[in-house]
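Alright, structures below, take your time with them.
One chain, subunit A, appears in both complexes that follow, with subunit B as partner in the first and subunit C in the second.
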Partner chain A sequence: MTTTQERRLEDTVLGSAAGRFYRHQNFGTGLLGGVGLGFLLWLLGEYTVNNNPNYGTDMVVTLTMLGWVIGFNLGVGTFNAVLHWILGHDQTKEDELYAAGVGQGKSRYWKYCTDHKVVGTQYLILVFVLFFIGGTLAMMIRTQLLTPNSSFLSPQTYNAIVSIHGMTMIIATIIMVSGPFANFIMPIMIGAKDMAFPRLNAMSIWVIVSAVPPLMATFFVGGVNAGWTTYAPLSVQDGPAMVCFAFTIITFVVSVTVAGINTLITVLTMRAPGMTFSRMPVFVWASVIGGALGLYAMPAFLLDMTMMVSDHATGTSFFVSAQGGSGWLWENVFWIMGHPEVYVILIPPVGALMEVLSTFSRKPMFAYKMIIGAMIGIAGLSIMVWAHHMFTTGWAPDLAGPFMLTTELISIPTGIIFLCAIGTMWRGSNWVRLPMYFGFLFIWNFIVGGVTGIYLSDVPADDYFHGNMFVTAHFHYTLLGGAMIAATAGLCYWFPKVTGRMLDEKTGRAAFWLIAIGFQVTYLAQFYEGFKGMPRRVANYDPIFAPENVVSSIGAYVLMAGWIVLLYALVSSWRSGSIAPANPWSAKSLEWQTLTPVPLENFLEDVTVVNDPYGYGERAELQVHAVFGSTSDAHHGEGH
Partner chain B sequence: MSTTQEHDVTHEGGHHDTPEQRDRKELSALVLFIAGDAIFLILEILAWFYLRALDTQNGWRFSKATPANPATSGSNNPHTIVHEVAKVAPGWTIVIAALALIAGLAAWWAEGNARKGVAHAPILAAALVVALAAIGAQVYQFQILPFSTTDGTYASMFEFFMGSVLAHLFLVVVVLLGVWNRARKGMYNEVWYQIRLARVWTLWVAISGIFLAVTAIFFA
Partner chain C sequence: MSSNHNHGIHHATYQSIDEEVAPGLHKQLHRQHVRGTLYVWALLTVGGILAGLYLTPILMPHMNSPEGRAAIETVKVFTVAAAPVAALVCAVAIYSLINSRHRSHLDSPPVDGPPLRGNALASGTWLVVSTLLVVFLLFWGLTEWASQQVVHADALQVNVTGQQWLWTYSYPAQTVILPGAKTLTVPKAVDATTLNLPINVPVQFNVTSKDVTHGFWPTQLGIQGDANPGVNDVLRTTPDHLGKFQVRCSQICGLYHAYMYTQASVIPDSAFTAWIAQGDAGRVLTSAKITGGVR
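Right after this comes the complex of A and B.
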């Protein structure tokens, strides 16, 4: 309902003459800018550098991608604030409110909007799109592998699809929680009015949007044949598709870096009075640790990909052995990024899951400090384990022992978190709603993924398993069965707060069973393929592996059907589900104590935190997480 | 879909922070950014030493000139010409690092003057000019290198270092251009913390440039 006061505010904001030119910018102008500048630089490349017989094409593609990324972001408004700042034109209050989306209805979701809740929602939609693309590619892979000598895809197309499936899913899983929920939910959880840098926040989403088309463009310029890890020298021998791939990563790194900095500074500087570190929800800690780990890992990704573009477009030889380079340089730098990145993916969803377990078990978080310590321990150890990915490459055999040890050590803090999850549920008044279903599934998947990881950390076992389907099954159990299922638990939990609607639980449970059963069938069969020695990344295989592949493909179809049913439940509930109350779960953390839909700056009154948010079943004074202003009214009382 | 502004009529966008709060936030963010950049710098230097130590097929400073790059053409020309790649003379490398340092020190001086409430815009203009000169020197060094990008890994790494310095100097110029223009308009007469941010960033770029210069000069 529109109030008189709100109408007055909208009149002020929308009627202001300030910044009128910039108010026409949106996703469409971004596309125009990207295509326009990309085309101009392509033309420039064609007439200047394309005569180079060795690097001409790659140079032209580099220029085109550069044009696309810069043009898109110019068009959508990413650089407006910087340009204003340089020119000495500070934005007016009306401009800032306009940028925050006041009075623009749904069109603000297509704009460079600074409201953290809009940014979180934009991330959520982007994650859906990426998972849909990655999932479709996965179905193509499983269809190809349904029979031993299938001609559904050519080997080259198969390789290209495997590569882009992998990288699409890696990007999607990195942002699946740190994007939507660390943006939408986390600032509210700490009692902040917004993120520390709202414009950087909007930048992080639009920069990442501009990273997606180059990744899809790889299919049209020869495809990436080297897998998602794009090992050199294979990736150096790839065509210009590798340049597109590298541009995706470089752009992605910019986004993750600014998002990580924003998360850390928000938590460090914008907590409500009384929100001490020991009262912060576990999810906030997980977002901070994931963000910090991302800041450590992403520079390595940037270095590797910049060098790769350089090898392609200028003829340097970082990874070309014939000219002094080394594939080991690529692998080392890649995994210096790659293993911490696994925990950049995993820690935030686990933090989200712990919120779910505590809320639905109606119990305080079990061993809160141990959980935080374990997350920090995982983050610390994760930077010392990268070479376990290289046991079979012949690099530094003397270091295999130490890296095996550090890798096995990481199972200790991981086990602590697992035990704390069990401890939180143990003898609780478990309220088994849809988020808890996914919580239970996470527990099982994470056991299997974790235990099989220990096999791979062991050098002799890794010699056998490394190149085969065992590895594929293992990392799908950890990243899809672990992280993504935990993220889904978080999505079902926070769905009412994000959308203002209740999720259709019945359809959601049908989706859950399809996902749970389909997942086990798909990947347990792949473990069996691995035990039998079936190599991974092959388009055709020996008929002795046929039965397991049939089972795995059928499981994959069931799994995909489950995700589609869940997507249907999400979309239909979002459009026409029953209206959600402010606190449907009677939870205690701050996001549930404010209104739904959440006001522009989250709270109508000042917040003071007085206890941790897990005081379920404790004495009355410990059950109150926060108090609001001097005149706390009814809607703020829920869950206290 | 959630309409977040429905209930809100009382708050005021991003206009809550005091200058002190903005200073604290933005300096903290810059420190984190520099920490990430430092990791990039360390990895760059490690890559230099790694490729130098490996010296794969004597490829660190011996170029095997072939008509086509085997990496992209797949050819393996039997008439390979091997020649030693000349080291880059340290002169311009030192000049560029020194110019970056002078720009950083000038920004520091400007910050001091802004704190005292005396003229600071001309000093920021000087810092900007020096940073532009550093960029000019870096571009010039590109043009006079005694090798091309295809001449082995020493050449590759050296040019990568130069590209890295150039990218950092570009950001220095953007920042100094902004603070100079705003200083010129008198926007830092009372609240000058952005000059401090410019100083911290410019000095960091100078320090990272010195690390790269030392590596390139003494460990070729």
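Right after this comes the complex of A and C.
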């Protein structure tokens, strides 16, 4: 497509229907809409239901949050196409191209935009923001715990921070790969022009953006007292903050569900000719499996949180045992979501990591079918292990054995992932660039996380470790040291494709060492606290735990410094790094075979896949992943 | 077939350099790699096993009951069992890092690695070994779990009640018949805020809560159970070592969760009887007193 053609297209798109209000919608109008409708419904609540002595405040907060979420999405334009259709209009071609961001430069990143690459970038920025918030809260926790009887934070503030740190990080890690990379990279990897449902895709990002302010609002309405797991009845006892918290989750689940369906349908229907299931990159499989598992897990979260709002705002008693409810009901439904959810977090980054290992070892994926089987096996088993979080709750003691069995069985497919990782690295022409640094770190961290996990799967040992810092250290080793480090490997790997710039590797390596060392110090010290018997989620502790808490806090500061240095490297390279070639890693998968920056609809020519993308070291004909036909009408397709 | 979009340069294939040009070199190289990795593996395995055996008892506190010592034993045994597998993964990673010749070059390596797409023997062995390990872990866990489910004919009843942010221990009036025709008598019900247990007497905790869920965790007894409102959670153990430790709340329960701990002691029979005889006057603090002290 020539520049003149491009400009003419832009003129047509921008000229048609220019001046209509929906051409001016962006994040700012979203904020206006959200605050406006939130305020209106707050007023409505104040004058109608507020006088209810038991639930008045919670009802008003429920209405306000509802107003915020709907208002924000109306304001930003999430429902434009649907509203058009309801009003009997259809979207013109120009409307669609406008929504895809044509001719709007950088301002499209602040808008409802259907281009999957824009959505992916928006997710990436949101993930940075969430990690920054969650990380800052973590620093406040570690500062409080620096000394045994610290009064840096009040117990109420401390509990609120612990809860919101947890939930912010859970949300951030769920979307850290499935948001940016399953959106930006995955469709290109399968040779698609976009996601199957571009509007749902754009919706998923703005809905999740609207979920964040309610989470932060919890701090201003009393704070969530009960940790991110918000066990009932404590969470029912909590004030309106719990309603805001539940609204965050409900909104978040809508987003994740929409995104998961989109990923699934995209991979099922939009693959380029020749992209058979057995030629699909492992990352694509990981995105599909993670997305499908999310579709299983998230409805339970929605249900739990809806019942929670109901208990708060209407006086039902799903979780209040004094009125016939049950805290165990909450715990069960929560972990029916919660355990699959950790694999919703973990599987996509592991997929990304396997791509990194293959590319930088210059070797084919080792035991490709086994790793896909392992990911499916993990997903399948993960829905049957939830009660290992409840070994000490007293619920169903006779099921201790079966849940020990399913939990320990998961280490078989998890072991296969290790086998495939080391098989891929074995005798490779190791090219140790920044993504690979994080690859090595992942392997170490995930080993530690995995081995400590088997202690916890054992009921007699769990009777000691449950609810103590050992558990905290364990899941930070798996989710931060494992999943998030793997995601960072993926980020460094795909950075040149996403931003068009090379990542400043020197600064990146400095960040790596701070992260690697800070992480070990922080969490090895916490393992020691757990061994010694320090409980989790405490604002103060027995002075016998003082030395290891100081060590852990210092480690945490180093870790945070590492992330900030990495963030600096990312931002400065994004703004002014050297221009990236289309394929800086000489990789074979499709995203590296198209131009950088990636054009609208991704490929200028038709793509036909002929082999899997792992033909390193193979005969010449097996090294070719795809051929590109230069049929002249390739880019005049039907669009969405 | 060729395309201007395919920027990847086709590297010389591994075989052309290795197997075809210098037959025999391939096997020799392979053997060298295996030997190098095995050295690293053996070193790490020994390290892991020694750490499991000798570090665990240092890291964990002295335990006052068989259940507590079972937790230590489990960590020991599982570490030893996991060491060879974890060491293998680390060994391959470390070896490939040491052996890497293109560590930080900006250009991609001139030669790809060998195109190994799987190895039935390696995968099969891995699967069998990991399955056997899981069977062992399960067997170990279930055996220990079963041994802890033994219900003694007679046990000292202690009713544990959690409330925000306080534990109360109630010893109902009872006579416990011990092996050897000995008896232990609590003549009159006693409430206390410290937990005292006679040595070598089976004890049954009946754990419940007055408000929200708490976690009853007598740390060095190796047992733990939630205190749920409206539920009686039964925990059993037989403390067999004298000593002091703390009962800590292991389930976040609101504002002063961190302060919800009490002293516990395993004491001789005679001391226990004497302590019980003091009655409960002045022993039970109110919640208000506790939090008042904290603020």
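Heads up, the rule we're going with is that the second predicted complex is superposed on the first by the 625 of 640 C-alpha atoms of A that agree within 3 Å, B and C clash if a C-alpha of one lies under 4 Å from a C-alpha of the other, contacts with A are read in each partner's own complex, and residues count from 1 in each chain.
In the analysis below, a contact is a pair of C-beta atoms (placed from the backbone, for glycine too) under 8 Å apart; a residue touches a chain by one contact, two chains touch by 3 or more.
Note that the structure is predicted; figures quoted are calculated from it, not measured.
**Q** Using the superposition on subunit A, tell me whether subunit B and subunit C clash or fit.
**A** fit
**Q** For A:233, decide between first (touching subunit B), second (touching subunit C), both and neither.
**A** Both: A:233 reaches subunit B and subunit C.
**Q** Is A:531 touching anything from subunit B or subunit C once the two structures are fitted on A? First, second, both or neither.
**A** A:531 contacts subunit C only, not subunit B.
**Q** After superposition on the shared chain, which partner residues are touched by A:321: those of subunit B (first), subunit C (second), both, or neither?
**A** both
**Q** Of the two partner chains, subunit B (first) and subunit C (second), which one does A:494 touch, if any: first, second, both, or neither?
**A** After superposing on A, A:494 lies clear of both subunit B and subunit C.
**Q** Rounding to a multiple of 10°, what is the angle at subunit A's Cα centre between the Cα centres of subunit B and subunit C in the superposition?
**A** It works out to roughly 100 degrees.
**Q** With the two structures laid over each other on chain A, which partner does A:592 touch: subunit B (first), subunit C (second), both, or neither?
**A** It touches subunit C, and subunit B stays clear.
**Q** Which partner does A:181 reach: the first (subunit B), the second (subunit C), both, or neither?
**A** In the superposition, A:181 contacts neither subunit B nor subunit C.
**Q** What's the minimum Cα gap, in whole angstrom, linking subunit B and subunit C in the superposed view?
**A** In the combined three-chain model, subunit B comes within 7 Å of subunit C at the C-alpha level.
**Q** Would you mind listing the overlap between the subunit B footprint and the subunit C footprint on subunit A?
**A** In the superposed arrangement, which is not itself an observed complex, subunit A uses residues 233, 237, 321-322, 328, 595, 604 for both subunit B and subunit C.
**Q** Quick check: in the complex, which residue numbers of subunit B touch subunit A?
**A** Touching subunit A from subunit B are residues 1-16, 21, 24-25, 28-29, 32-33, 35-37, 39-40, 43-44, 47, 50-51, 54-60, 62-64, 68-74, 76, 148-150, 152-157, 159-160, 163, 174, 177-178, 181-182, 184-185, 187.
**Q** For subunit A, which residues count as touching subunit C in their complex?
**A** Within the complex, subunit A touches subunit C at residues 155-156, 159, 162, 225-227, 231-234, 237, 321-322, 327-328, 361-370, 392-394, 400-401, 404-405, 408-409, 411-412, 415-416, 418-419, 421-423, 425-433, 440, 443-444, 447, 450-451, 454-455, 457-468, 528, 531-533, 535-542, 581-583, 585-588, 592-595, 603-605, 614-620, 622-624, 626-628.
**Q** Would you tell me which residues of subunit C are touching subunit A in their complex?
**A** Within the complex, subunit C touches subunit A at residues 1-11, 13-15, 29-30, 33, 59-61, 67-68, 70-71, 74-75, 78-79, 82, 85-86, 88-90, 92-93, 96-97, 99-105, 108-109, 111-119, 122-123, 126-127, 130-131, 133-134, 137-138, 140-142, 144-145, 148, 207, 211-213, 215, 217, 219-220, 222-226, 228-231, 233, 246, 248-259, 261.
**Q** Which part of subunit A faces subunit B closely enough to touch in the complex?
**A** Touching subunit B: residues 1-3, 5-6, 8-9, 53-55, 58, 82, 85-88, 93, 96-97, 99-103, 105-106, 109, 114-115, 117-118, 121, 193-194, 196-198, 233, 236-237, 257, 260-262, 264-265, 268-269, 295-296, 298-300, 302-303, 306-307, 310-312, 314-326, 328-329, 332-333, 336, 498-500, 574, 595-601, 604 of subunit A.
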